[in-house]
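To start, the structure under review is shown below, and the notes come after it.
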Amino acid sequence: MAVLRISWGPQHPASGQMRIILDVDGDIVVNAIPSVGYTHRSIEKLAEYRRYFQIVPLVERICNLDSFNVTLGYVQAVEELMGIVPPERAQFIRVIMSELNRITSHLYWLALFGIMPGQPTMLMWPIADRELFLDLAEMVTGSRVTYSYFIIGGVRADLPSDFPNRALKTLDYFEKRLKVYDKMLYRSKLYEMRNRGVGIMKKADAINLGVVGPNLRGSGVKVDTRKDEPYQVYDRFEFEVPTEEVGDAEARAKVRFHEMEQSINIVRQALGMLPEGPFQVKAPFRAPPGEVYKKVEAARGELGFYIVSDGTDKPYRLKISSPSFRNLAAFPFLMKDVTMADIPVIYFSLDPFPLDIDR
Amino acid sequence: MTSETEIVENLNSKFKEAIVDANVQRKARVIITAKKDKVLDIASHLKKELNFDFVVSVCGLEMPQEDAFTVVYHFWSISNKILLTLKTKVPKESPEMLSLTPIFESANWHERETHEMWGIKFSNHPDLSRLLLPEDWSEKPPQRKDFTLPR
Amino acid sequence: MGLVSEILTPLYQAFEHIFRRTFTIKYPYVALKPTERTLGRHILDPSKCIGCGLCANSCPTKAIELVEWKEKKHPQIDYGRCVFCEICVSMCPKGALGITSAYELAAYDKASLVYSPEQLSVPPKPIEGRKIVSVRFYERRGAAHAEVK
Amino acid sequence: MEFLAIVNLIIDAIVKILPAVLFMIGFPLLGVWYERKLLARVMLRIGPLHVGKYAGVLQLIADFMKLAAKEIIIPTKANKNIFIAAPIVATIVAALPLAVIPFDGNWVVYRFDLNLLFVFAMASLIPLIILLTGWASYNKYSFIGGLRVIFQMLAYEIPLVLSVLGVVILTQSFDLIKICNAQSKIWFGLLQPLGLLVFYIASIAEVERMPFDIPTAEQELVIGWQTEYSGILFGLFMMANYISFGIHSLLITIIFLGGWLGPSFLPPMAWLLLKTAIVATLTMMFRGTYPRVRMDQLLRLGWRILIPLALINILLTLLIPTIGLGVVT
């Protein structure tokens, strides 16, 4: 049969705001070309026209599923540039909120990963549990998705007094829910048939392609910015960096599952160690000339901010190295000689986020 | 484990003419400025001898009062946990340099983006087609400083 | 045996969830209770406002504009642009600008999203004629589940 | 007198076709509503809510009217005649088996001895119509979806028929009424669990339901061969699909689960419909539990597991009378 060229997206139930051009021979995909840019908002350019404190609501739109982690990366980079250190309580609050956000983001991923083989129940349950974490975020910040909570020099407001109790209760409940997901998805025979051995990325390939985050760890490479370059107060907590050796869709899914468990662990420790004190310091408007590269471990992987300052109150150049963009390199590599049914599974096992790719 | 100063010394001795400036910014950050014709050699040395595993980001930069674009590569080493910034200058009238994709596969997409946003041509890059901008984009590369946004 | 359990356990899980409470609420008939910090529309205290324009100047999306009202400059906010980042409130030197938790701001046209100083100075109406629920959380009954307050 | 006889005849005819017609209209309407409500509860949602006094029962009628009022869009390069005719033919072909399926010991529209074969013959026609649809739509997704239907039909038609053969051997008849009445002592489902299992799995694949809805796989092919359809034509396809789903549930009940036989506190037809509803509920639950299998896995399951199982079932059935355990005959 002749090779058909199929446009998988941007108007497609499973593609998100991006397109993959597939060359299909019967049911076998022989070639895949990702075509992105449908949600390009030129955040890097817009940032050059805004003051440092005004960029916080802007950068969190890079990846609004993960906005705490994204703003944390930006705020840290500016703080290093300005040479200010936020108070300890602020750092703890940042860690707590970032880890809760990692769970939120992974839950969203779990929902999409669950529906990609065609199971809508696994879409709804994680979305339902995600609401609990959004409630927690709303309790602290006032918004549910884009928070603008981390500001340069600390956080915008202190934690409410009843927050620790409620967070612990939510986490207890969520641990039980994780067992349900384990039974429903990770131990289900049919999911196993769909996920095991699909999209295998060997250790050397993963490093060579430059993929990051859970995808890299799913191939057996132990890289985690929280351990390699501890930021905020991450060096005070005990946690594991989960890795899997196989490198297929199932391995990547397992890594994210264990990461949620580790996040619960970190939040519990941080809530126990939460110190008293101020939650923000005054930050200057201007940054001294210089350059800084700061990275954080966002839910999708390592996120880097490269800021060049010329001494004014606006960044001279802001470069965002986003995790989904770096994971994009794995698309053409993995989507070769697989069946069409594997395309959505591979796609979402890599957890791409088109907004994050395009910036 | 290779320390930051060892990397700087190693590079300085190996590529005496090519390296304009090399210094340690802080812990785990090394900044190197090199001449553009030797970048490919330096990159392969970084990969083979100094254990740098992949390119973290590639970006263009245009410093004021300079008649050149700066191309900034960031490399990360998993074993040494060091981020190396490699800067090189390309003249504004003919912004062209050799691509690092043959050595670092991970530079592929970043160089495509830089090509699109800054108009810097990476010769011997496998595919420099449009990535983020619309296909009918005909204005100058948008990240350059002379491309101004309407207020 | 493992195969049979791997096939039947998900089915049992699905059956079990039929008898749990739903997490969705019937929104137009009942409304969610906002938290104390929920970011809704602003409220302006005209007696405190000095018309300095710091809010307009600091707004990242240029949603705030200064307009004449009662022979003085006051902010006018376009909720089509506002991203609820609270920067303007933190910038206000006199504490004249505040935030309420009125989150239902939908309108039929863009023009009615622009709130004049006069509209901003009126406190928002409480949600009326509907049940107001707060999202509570019950361990045994399912996910977040709505309880009538 | 003559006039009265004619009226009697007409009333007789109406009474005769009444259950079949009601099933044809009622199963898609109530079945879809019930499925939506059931799956909504599995997913912790509320489901249809507004239309109708109780829990959105009339939602499907509203949906049907919406579909009927919509514009019928035909792609420029599509083959118009086939494109429009296919859903109509599909609905008719899907509903035809109801003419020979008994709803009671003798309540059947047209009775003849080979009605089970007729049902299978009609069921195997539908994939051909779908292949034509996929080709006529002039759409890549539709075309791939149509091809997948043919693959699926080839793999599942055979075990479907083979698995019933055991029952046919036991009763020595292709007549559904005889088959059902033969179960007064014990259900064939208990006597032939293998046959029931193979028939159930194959019938799910036959009506393209989860986990075997590969031809309309949403995440891969938009909705496969239905992609270009909109409005009432789409509604007809949906109706055809649900009618065949209902017919297969009925068949399972009649052949393996004792059909209308049951304690006499309920009328026979109520037993039949109750058992059918339970079977249909289980099939609907699969949609809320399992992901879709892949094409190669589906074919492997059909050719390498189901067909051998069906053959083993026939072998065992032949052994039963030989050993002297004949329960039925």
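A, B, C and D are the chain letters, set down in written order, and residue numbers restart from 1 in every chain.
Definition applied: contacts are C-beta pairs under 8 Å (C-beta built on N, C-alpha and C of every residue); 3 or more make two chains touch, one makes a residue touch a chain.
It should be emphasised that the depicted structure is a prediction, and the values quoted were computed from it without experimental measurement.
Looking at the partners of chain A and chain C together, the chains they share are D.
In terms of C-beta pairs in contact, the better-connected of the chain pairs C-D and A-D is A-D. Each chain gets a centre from the mean of its Cα atoms; for chain C and chain D, those two points are 48 Å apart.
With centres taken as mean Cα positions, chain C sits 44 Å from chain B.
With each centre defined as the average position of its C-alpha atoms, the distance from chain A to chain B rounds to 25 Å. Among all residues of chain C, those that touch two or more other chains are 10, 13-14, 17, 23, 142-143. Each of the following residues of chain D touches two or more other chains: 42-45, 288-290. Multi-chain contact residues of chain B (touching two or more other chains) are absent. Chain contact topology: the protein chains form a pattern that is neither a line, a ring, a star nor a complete graph. Contact between chains, using the touch rule, shows up for A-B, A-C, A-D, C-D. The touching residues of chain A, when paired with chain D in their complex, are 4, 6, 12-14, 24, 26-27, 114-125, 128, 188, 190-191, 193-194, 339-344. Residue ranges on chain C touching chain A, taken from their complex, read 3, 6-7, 9-10, 13-14, 17, 23, 35-39, 58-61, 83-87, 90, 99, 101, 135, 137, 139, 142-144.
Of all residues in chain B, those touching chain A in their complex are 28-29, 31, 53-57, 59, 61-62, 64, 72, 74, 78, 81, 83, 85, 104-110, 113, 130-134, 142-143, 147, 149.
Considering their complex, residues 10-11, 13-15, 17-18, 20-24, 26, 142-143 of chain C touch chain D. Taken together, the chain D residues at the contact with chain A in this complex read 39, 42-45, 140-141, 143-144, 147-148, 210-211, 213-214, 217-222, 288-297.
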